[in-house]
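So, here come the structures, one by one.
Shared between the two complexes below is subunit A, which pairs with subunit B and subunit C, respectively.
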Partner chain A sequence: MSSVSLLILGDGRFPSGGHAHSGGAEAAIAAGRVHDTATLEDFCRGRLATTGLVAASLAAAAATGYDPLLLDAAADARTPSPALRRVARKLGRQLMRAVRTTWPDPELDRLAAALPAGAHQPIVMGLAARAAGLTPHDAARAAAYDSVSGPVTAAIRLLGLDPFEATAVTARLTGDMENVAGEAAGHAARLPADGVDALPAASAPLLDITAEQHAAWPVRLFAS
Partner chain B sequence: MHLHHTDPALTDIIPPTAPRPGGRSGPLRIGLGGPVGAGKTATVAALCRRLRDTLSIAVVTNDIYTREDAEALLRQAVLPPERITAVETGACPHTAIRDDISANLEAVEDLQERIGDLDLVLIESGGDNLTATFSKGLIDHQIFLIDVAGGDDIPRKGGPGVTTADLLVINKTDLAPHVGADLSAMERDARAARGSLPVVLTCLKDQHGIEPVADWVCRRLADLTAARS
Partner chain C sequence: MTTAPPTAKAAQTPYTLNATARITAEAADGATDLPLLHSDGPFSFRRLRPYGSQAHICILNTMSAPHNGDRLNTEVIVGPGADLHVTSAAATVALPGPVPRHAALGVNLRVADHARLRWLPEPVISAAGSDLRQHIRIDLAPTARLVLSEQQILGRAHEPSGRLTSRITVRHGGRTLLDQHSAYGPGLPGWDGPAVLAGNHAVGQLLVIDPAYRDPQPDTQILDDIPVRAHGVITPLAGPGVLLTAVAPDAGDLQRCLDAAFAHLGLPNG
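Showing the complex of A and B:
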C-alpha cells in the first residue's frame, strides 16, 4: 500500500469525468446562495456533512470488500433525487472505466459486468481504493475530498474566484474531511454486525431539489 | 466545387492507418475540432447529408452550453435523433476530448450499442482554441477547422490543431474578399506549417462544398477496412 495511490485516486485530473460536474454548485451559484469564498465554504461544509458523509461511508464500505450490489441498493435508497441517482451511476461508470485500466482487478470486472449501466460512484471509488491497496479509511478520505473539490473547481470557473482563495477553502475544510472520513470508516466497520443499516442516511434536501431543477435547465455549463 | 479548393487526391499522402489503440474494433471515429464559428457543426451536417445514404453514421457533440449543437443537427434532421448524442463538458470542452475522455467514450459506446452496425462516428468538439486536440484514446483521426474570417494569420500562427491534425480544413473561402483575407497566403502558410499533412479549402455554401472532406473521410474508412482484411 502506498499513500501515493491515494493522491492518484483523489487527483482532480484523474480522468473519470468529474470535471463536467459541479456537485450542485452551479445551481447554488445561479440562486445567489454561493457568490464568494465564504459562501462557497459554507456550501462545501454542508455538502460534506450530508451527501459527503454518505458517499464516504459507501466508499469505505466498498473498500472493506462488502457486497457492492447490496451497497449499490443502499446508495439508491439514500439518494432520493432521480437526477442524482442518474449522475451517480454515470460517474460510477466513468470512474470504473478509468480504474479498470489504472488498477486492474477482478472485483472491478465483476461489478462492471453485474451493473453495466454503472454502480454508484462512491462504491466504485471504494473498490478502486481496495484495488490500489488502500484502506477503507483512505477510501473515505478520497470520497470526502471528492465531495468538496468538485464544487470548489466549478466555483472557480463559474464565479471567476481567485483560485488561491478557493483552494484555501478546501484546505480549511481538511479537518472536516478527516472527521467525516473517520466517522465513515467507523460506520463501515459495523457492516458485518448491522449490514447496510450501519451506513448513515444524511441528506441535503435543497441539493436534491435544485439537482432536479438543474437537470431541466435548457442552458447550463455543468452536467450536474 | 469551389475554385480554390485543393484536390485531396494530390495532397492526401497520409501513411496507412496506424494501429488503433488497444486493437480497438468498431466504427471509425473522427474528431472535428476548431475555434467557435469555424463551421464544425455545418461540416458535420454536410458530411452526414453526403454520406448517410451509403454509411451508417452517428454523431457525438461536445457542447459548451448543454445541447446547442446537437439540437442544431436535430433541427436540420441530418440524422435520426437516436444517432445524435450530446456530451456536457463543464465549461472545459478541450478537457472532454483530450485529458478526460470518459464521457465521450461512454457516448460512443452507447451509440454503438443502440445502433449496432455503425461505420462512422463523428465527434464534434466544443468551439475552443487553437491548442485543442483529441486524444488518440478517443478518435482514430482528427480534422481541424478554421475559417477565413477568423483571420488569415491563423495558419502562420500554427498551434497543435493547425500543425498536427490529420486534415486541416480552411472553411468559408467565399468570405475572403469581404474580410480582406489572402487565401493563397493562408494555404501556403498552412502547407508550410504541416509538412506532408493535407489541407483543403472549402465553401460549404456551395452545392458540393463538402466533397473534399467527404473524400478524405471515405479514404480513412477504406484504410480501416483494408487494415482489417
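Showing the complex of A and C:
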C-alpha cells in the first residue's frame, strides 16, 4: 500500500472525465446562490455533508470487498433524481475504463461485466482503491475530496474566481472532509453486521431539484 | 402510554413520554374495517365518514408533544385489499423540553398486496430549541399502493429552527426502493446553505408508489405553476414510484407545491 496511490486516485488530472461535471455548482451559480468564495465554501460544506457522505460511505464499503451490486442498488435508492443516477453511472463507467488499465483487477472486470452501463461512481472508486492496495478509509477520503474538488474547479471557470482563493476553500474544508471520511469508514466497518440499509442516506433537496432543472437546459457548460 | 417512574435515574430525566399508537385495517365485503384502532400518547384517532370502500381516520394531537426526550410511535398495518386514508387535524409541533435528549418519532407503515394507503398528515414544525428525529419506515407488498406526503417547517414564524432529522425508508417487494435522510437545524454543516436549502425553511415530499408506474416509467416533471420562490420537481424513482421534492420559503408556498404535484399526478388532494 502506498499513499502515492491515493494521490493518483484523487488527482484532478486522473483521466476519469470528472472535469466535465460541476457537482451542481453550475446550477447554483446560475441561480445566484453561489457567487463568491464564501458562498462556494458553504455550498461545498453542504454537498460534502450530504451526497459527499453517502458517496464516501459507498466508496469505503466497496473498498472492504462488500458485494458491489448490493451497494449499487443502495446507491439507486439514495438517488431519487434520475439525472443524478445517469450522471453517477456515466462517471462510474468512465472511471472504470481508467482504473482497469491503471490497477488491473478481476473484481473490477466482474463489476464492469455485471453493469455494462456503469456502476455508481463511488462504488467504482472504492473498488479502484481496493485494487490499488488502499484502505476503505482512504477510499472514503478520495470520495469526500472528489465531492468538494469538482464544484471548486467548476466555480473557478464559471465565476472567474482567483484559483488561489478557490483552493483555499478546499483547504479550509480539510477537517470536514476528514470527519466525513472517518464517519464513512466507520459505517463501512459495521456493514457486515448492520447491512446496507444502515449506510448513510443524507440528502440535499436543492441538489436533487436543480440537477433536474440543469439537465433540461438547452445549453450548459458542464454535463451536471 | 407510560410515564417514566420516579426512580433515581429520573432525577436526570424528569419526564419522558413513551407511546405507541396502532391502526390495523382489513378488507371486508367491499368496505375497510378497522379491527384495531389504539390511540396512545398524543395521538388520538377519530373515524371519519368512509369514502366508498376507503376508511378514513383523522389523527388528533391531543397533547403538547413531542417534547425533547419523548419516544412516540405509530404502527399501521393495511391488510390485503384494504383501503385506508389517514389525515391529521393539525400540525405536529416539535417542542423543547426539560430532558437534554432528542425526541424520536417513529412511523411504521405496512401495506399488503392489492391494498392502498393514503398517508397525508399536516406538517411537522420544528420549534426553536427542539430536537426531533423522525423515521418513517414503509414496507410495501409488490402490488400495494401508497400516497404519502411529508412536510417539514423549520421554525415557527419569526423564530430560528430547531433541529429536525427525518429518514424515510421504503421497502417494496423486499428491496429498498428509496432511502433518504434529511438533517436540518443549528449545528449541522451546510444545512441552510446553497446546496441544501438556501434559506428555504419549508421542505416537502410527496411519494407515490404504484405498480402502474413500472411500465412505462414517467418522465421528470419540473413544476412551473408554483410560487416563484419555490422549487419542485417530480422524479421517477429507480422502481415503480415517483417522488416530489419541493422547497419553499414558507408553509403556504410549500402547500401550493404539493397541490400542484397532486394535480400533475392526477391524484385527489386531501
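Of note:
Here is the rule we use: the second predicted complex is superposed on the first by the 224 of 224 C-alpha atoms of A that agree within 3 Å, B and C clash if a C-alpha of one lies under 4 Å from a C-alpha of the other, contacts with A are read in each partner's own complex, and residues count from 1 in each chain.
Just so we're on the same page, a residue touches a chain if its C-beta (ideal position, glycine included) is under 8 Å from a C-beta of that chain, and two chains touch if they have at least 3 such contacts.
As the structure is a computational prediction, the values presented were derived from the model and not from experiment.
When both complexes are superposed on subunit A, subunit B and subunit C sit side by side without a clash.
More subunit A residues lie in contact with C than with the other chain of the pair subunit B and subunit C.
Shared-chain residue A:98: touches subunit B; no touch with subunit C.
When the two complexes are overlaid on their common chain A, residue A:221 makes contact with subunit B while staying clear of subunit C. In the superposition on chain A, A:46 contacts subunit C only, with no contact to subunit B. Of the two partner chains, subunit B is the only one touched by A:22; subunit C is not.
In the superposition on chain A, contact of A:114 is made with neither subunit B nor subunit C.
With chain A used for the fit, subunit A forms the apex of an angle whose arms reach the C-alpha centres of subunit B and subunit C; rounded to a multiple of 10, it measures 130°. Using the contact criterion defined above for the overlaid structures, shared-chain residue A:7 touches neither subunit B nor subunit C, since it reaches no partner. Using the contact criterion defined above for the overlaid structures, shared-chain residue A:38 touches neither subunit B nor subunit C, since it reaches no partner.
Between subunit B and subunit C the least C-alpha distance in the superposed model amounts to 20 Å. Residues 167, 169-170, 175-183, 188-191, 193-198, 200, 203, 220, 222, 231-233, 235-238, 243, 245-247 of subunit C touch subunit A in their complex. Chain contact summary for the complex, subunit A toward subunit B: residues 13, 15-22, 90, 93-95, 97-98, 154, 157-158, 217-223. Chain contact summary for the complex, subunit B toward subunit A: residues 64-66, 68, 87-92, 95-96, 99-103, 105-106.
Note for the complex: subunit A touches subunit C at residues 24, 28, 33-34, 39, 42-50, 73-74, 76-83, 85, 176, 196-197, 200-210, 212-213, 215-216.
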